[in-house]
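Letters are used for the chains, namely A, B, C and D, taken in the order the chains are written, and counting of residues starts over at 1 for each.
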Amino acid sequence: MSDVARLLISCPDRPGIVAAVSQFLFEHSANIIHSDQHSSEQGQGAFFMRIEFALSGLDPSEFRPEFAVIAQRFGMDWRLTETARPHRLAIFVSRQDHALVELLWQRAAGDLQAEIALVISNHTNNERLVAEAGIPFFHVPMSPTLKPAAEARELDLLSEYQVDTVVLARYMQVLSSEFLARFPAAIINIHHSFLPAFVGANPYEAAYTRGVKLIGATAHYVSEELDAGPIIEQDVHRVDHRHGPADLRRMGRYIERVVLARAVTWHVEDRVLLHGNKTIVFS
Amino acid sequence: MSDVARLLISCPDRPGIVAAVSQFLFEHSANIIHSDQHSSEQGQGAFFMRIEFALSGLDPSEFRPEFAVIAQRFGMDWRLTETARPHRLAIFVSRQDHALVELLWQRAAGDLQAEIALVISNHTNNERLVAEAGIPFFHVPMSPTLKPAAEARELDLLSEYQVDTVVLARYMQVLSSEFLARFPAAIINIHHSFLPAFVGANPYEAAYTRGVKLIGATAHYVSEELDAGPIIEQDVHRVDHRHGPADLRRMGRYIERVVLARAVTWHVEDRVLLHGNKTIVFS
Amino acid sequence: MSDVARLLISCPDRPGIVAAVSQFLFEHSANIIHSDQHSSEQGQGAFFMRIEFALSGLDPSEFRPEFAVIAQRFGMDWRLTETARPHRLAIFVSRQDHALVELLWQRAAGDLQAEIALVISNHTNNERLVAEAGIPFFHVPMSPTLKPAAEARELDLLSEYQVDTVVLARYMQVLSSEFLARFPAAIINIHHSFLPAFVGANPYEAAYTRGVKLIGATAHYVSEELDAGPIIEQDVHRVDHRHGPADLRRMGRYIERVVLARAVTWHVEDRVLLHGNKTIVFS
Amino acid sequence: MSDVARLLISCPDRPGIVAAVSQFLFEHSANIIHSDQHSSEQGQGAFFMRIEFALSGLDPSEFRPEFAVIAQRFGMDWRLTETARPHRLAIFVSRQDHALVELLWQRAAGDLQAEIALVISNHTNNERLVAEAGIPFFHVPMSPTLKPAAEARELDLLSEYQVDTVVLARYMQVLSSEFLARFPAAIINIHHSFLPAFVGANPYEAAYTRGVKLIGATAHYVSEELDAGPIIEQDVHRVDHRHGPADLRRMGRYIERVVLARAVTWHVEDRVLLHGNKTIVFS
């Protein structure tokens, strides 16, 4: 399947887009495998499309300039990705390992179509686990005073390892605006609550105190405002009066793992498109 | 929104279908509101498409012969429906009213885009309820000896009321092959189990005896073989050791109502396409 | 089953409670049908118990003074309810009917073990529906200036009809502190969001704007602070980028109905105990 | 928490059981942490109880003969377990590792209150993973001719490692009647379907062919009849027409892992009691 490509399109909706794109692909002998599209506001707003197709000998370097003509006509924001070049991830973790373990296992099982290029942590306890998986591990200690230098070091590593996307797998550190600016729409965080409920620290304790009957987790792109970026995926699990904060944390780990893994999988398969502060997910 | 139409297409997959259809619609000034498509076997099998578009002055009686040319080229099984003409339902019920009540309420709330043309029952207990909703009610008694005449009577009523689809809302009677032949892919049944588990009578008792931890309901098109037709929708609800057969029936009524209502809604909005004994649901 | 009673107990946890209560019931020939208990903080905090038992000739008027001796020894907050006297509900509604319809149907189906004593609304559109169910309907118009007199009228009606519990089935009005004080822990509201997310007005619009992937509903006891009372039940439903605010409202109606019906059912069956601002639900 | 014990009781229901048991525990200064009970058939059938209590200096070797007196009076089937002695598991696997990885991780995270005494496999591919976790791994090849000797070898290992419970984490082999007889109600299997649907081999292919809208997994005790033993836990995940058999297997792995982990956790915490071919789960 190395000759598969994906075309991602966002543009103002107007008649003729699908006709133009599909005609273009047909004329270039590109055989469509999957195609998803979405028109907001019943065809009156924005238009989004994801097409997965066999390149069938089509050369992406020829495709791009030719398609740019159509793209310009419709004012498209677009990109073409090739599955032959795997998406490269960096995973940032703190002490907790559950989200990391899940991603490592998904990668090993072949369910996550990406390379885990490196793991960065402000602790060392997960070093052996990562080493056993044959993945470079870097310990970058973090504190308010260390932060500028630590982030600079992290950015160097991300550059050196040609990372496309950063996954905060319970990293528990707030990234600076400068850091975020380097990876727009390419930093995914797992927050251990059903956002927008329980923004910030200790959401399980807050959930326990409020007496909710379902706990949740949210995977979202990181933006300047804490826990307010575009949501990619959420899920919940039922709890009741028998469950204390420790139970919520334990049960919550399941949801966090699954929700983050789903979000990362969709992201690396180019299934997530941005629409303002919201996402279109062609899952 | 009376000038909205839906084009439903099934055909062998091959390059150029989307280009041809979308070009046709573009040339006829039909503005696409929603479009869904599915290729089985990664573009090597069958192709399915549902397009909802504004007619924008386009006359369906002109559309049909012109589109037939494209349809023939690709070997399409297709149809065009107009939302201006509401889908007409007949609901068949036995004594239990929960699925009937749900459909009546959905209709009244405007969530079910269909006319309930008439209700037929082999009992009389639901007559008042139906009458109060302003819907014709017919009592057609049923027994092995009465069955041929009863079904003939039912078919006459369905014809008289120009019914498109029959909904068996816990009708509890097996329809004859002759009856089924008159409404291919247009009889929807709700079975009170998670099919294919617990086919046939008394599924809640069977579920209780087996000790399952989830009970379910299945909405499906009725085919010759009992409870074996194409599944449209299923859902489940958690149960445990505290629940006896009566509890399962009570809790199951919730699932039956919701599952049937979802299936009927999708069906009347032309969101369900058949693929052998399976369904494509563009929900 | 008219001779069934329920004993509800809350007290500080300490050894011997269960032994004393169960010995008392055994000596009074009360046959236990169901028993649930909960110790917070692993037996170091508060203790909660619900016992459903056959009275077997036991006279509640004799039971009470005798049990009071035990209750005093353990500092119990307790009550004995008899299922022979059905719980009496008042339903308050505004224009929307879905939560009302659900409760009426549950009552008719025998799933809700309570009398719906009356329905009060600040609109008249649901009058016919309620009348057809044979339930008294009262139109009590509401506005800032009318409010004191309207609430006085409502309280008179609740008193006249001997109402135990008020159900706000999408009533959309904030009750005064004076009103609330008259029905402590006996006013149940359905809020159309997954609390504490989207407190206040227009939660579906807020959920749409935030781009959540699940919408929810919450049934809770009404307290002074808006949408902050003890949560009885919550549930969610998956949504995606295709759903606009109207879709969320439509899909949300399903969840609201089910969540409210479950909460009211548990409440009238004495399955809900209060623990500070949280609930113990012996479902 | 090393001085915590659990008392498990099953007996015919009759008045006085709870009084006798709770009085016994009170007199022995045993402080109850959690207590669950269940009466089948509204107090007319069988009675089940699980009490978790602090031993508070109470010596189990004294407890047992004294409690036996009460047990005999009520015809109890009972046992007392001490959490100070961890439950010992053997995990049997074939080539697939997902269920094994989950149990290893749950153990490492402290969520599974048991020792994984050894892992047995008819393949060698998981040897390194198990060794890295510091757990003995044994390769016991399996074929029809090897089976008698292989099972004898397995039973020797189970005996040598003092195994309480065998977990078939996708072992894919049918155990002989002789083997089963050695571990009554102590062999847990994960079946990759929502039983009783899709008994036997290749359930995901069968689910795909039938066109179900939800796939599931079932953890159950192994009995003589294939996939027919008492169900401990089940769960499901939504699928649709876009998912082929490979997708169902991939999505199913999630459910299998979670369902098996929940069932094993409940089993080792003595939360599962047998009632004929069904389970009481005090989760």
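Just so it is clear, a contact is a pair of C-beta atoms (placed from the backbone, for glycine too) under 8 Å apart; a residue touches a chain by one contact, two chains touch by 3 or more.
Quantities reported herein were computed from a predicted structural model and do not represent experimental measurements.
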Q) Which chain lies the greatest distance away from subunit C when centres are computed from Cα atoms alone? A) A
Q) Quick check: more C-beta contact pairs in A-C or A-B? A) A-C
Q. How many angstrom between the C-alpha centroids of subunit C and subunit A?
A. 41
Q. Distance-wise, how many Å sit between the C-alpha centres of subunit A and subunit B, to the nearest whole number?
A. 37
Q. So which bits of subunit D are touching at least two other chains?
A. 34, 242
Q: Mind listing the subunit C positions that touch subunit B in their complex?
A: 34, 97-98, 101, 105, 109, 111, 132, 242, 250, 253-254, 258
**Q.** Touching residues (chain side subunit A, partner subunit C) in the complex
**A.** 38, 40-41, 194-198, 210-214, 216, 230-236, 240-242, 244, 275, 277-281, 283
Q.
Under the stated contact criterion, what part of subunit D meets subunit C in this complex?
A. 15-16, 18-19, 22-23, 25-26, 29, 31-35, 37, 39, 42-43, 54
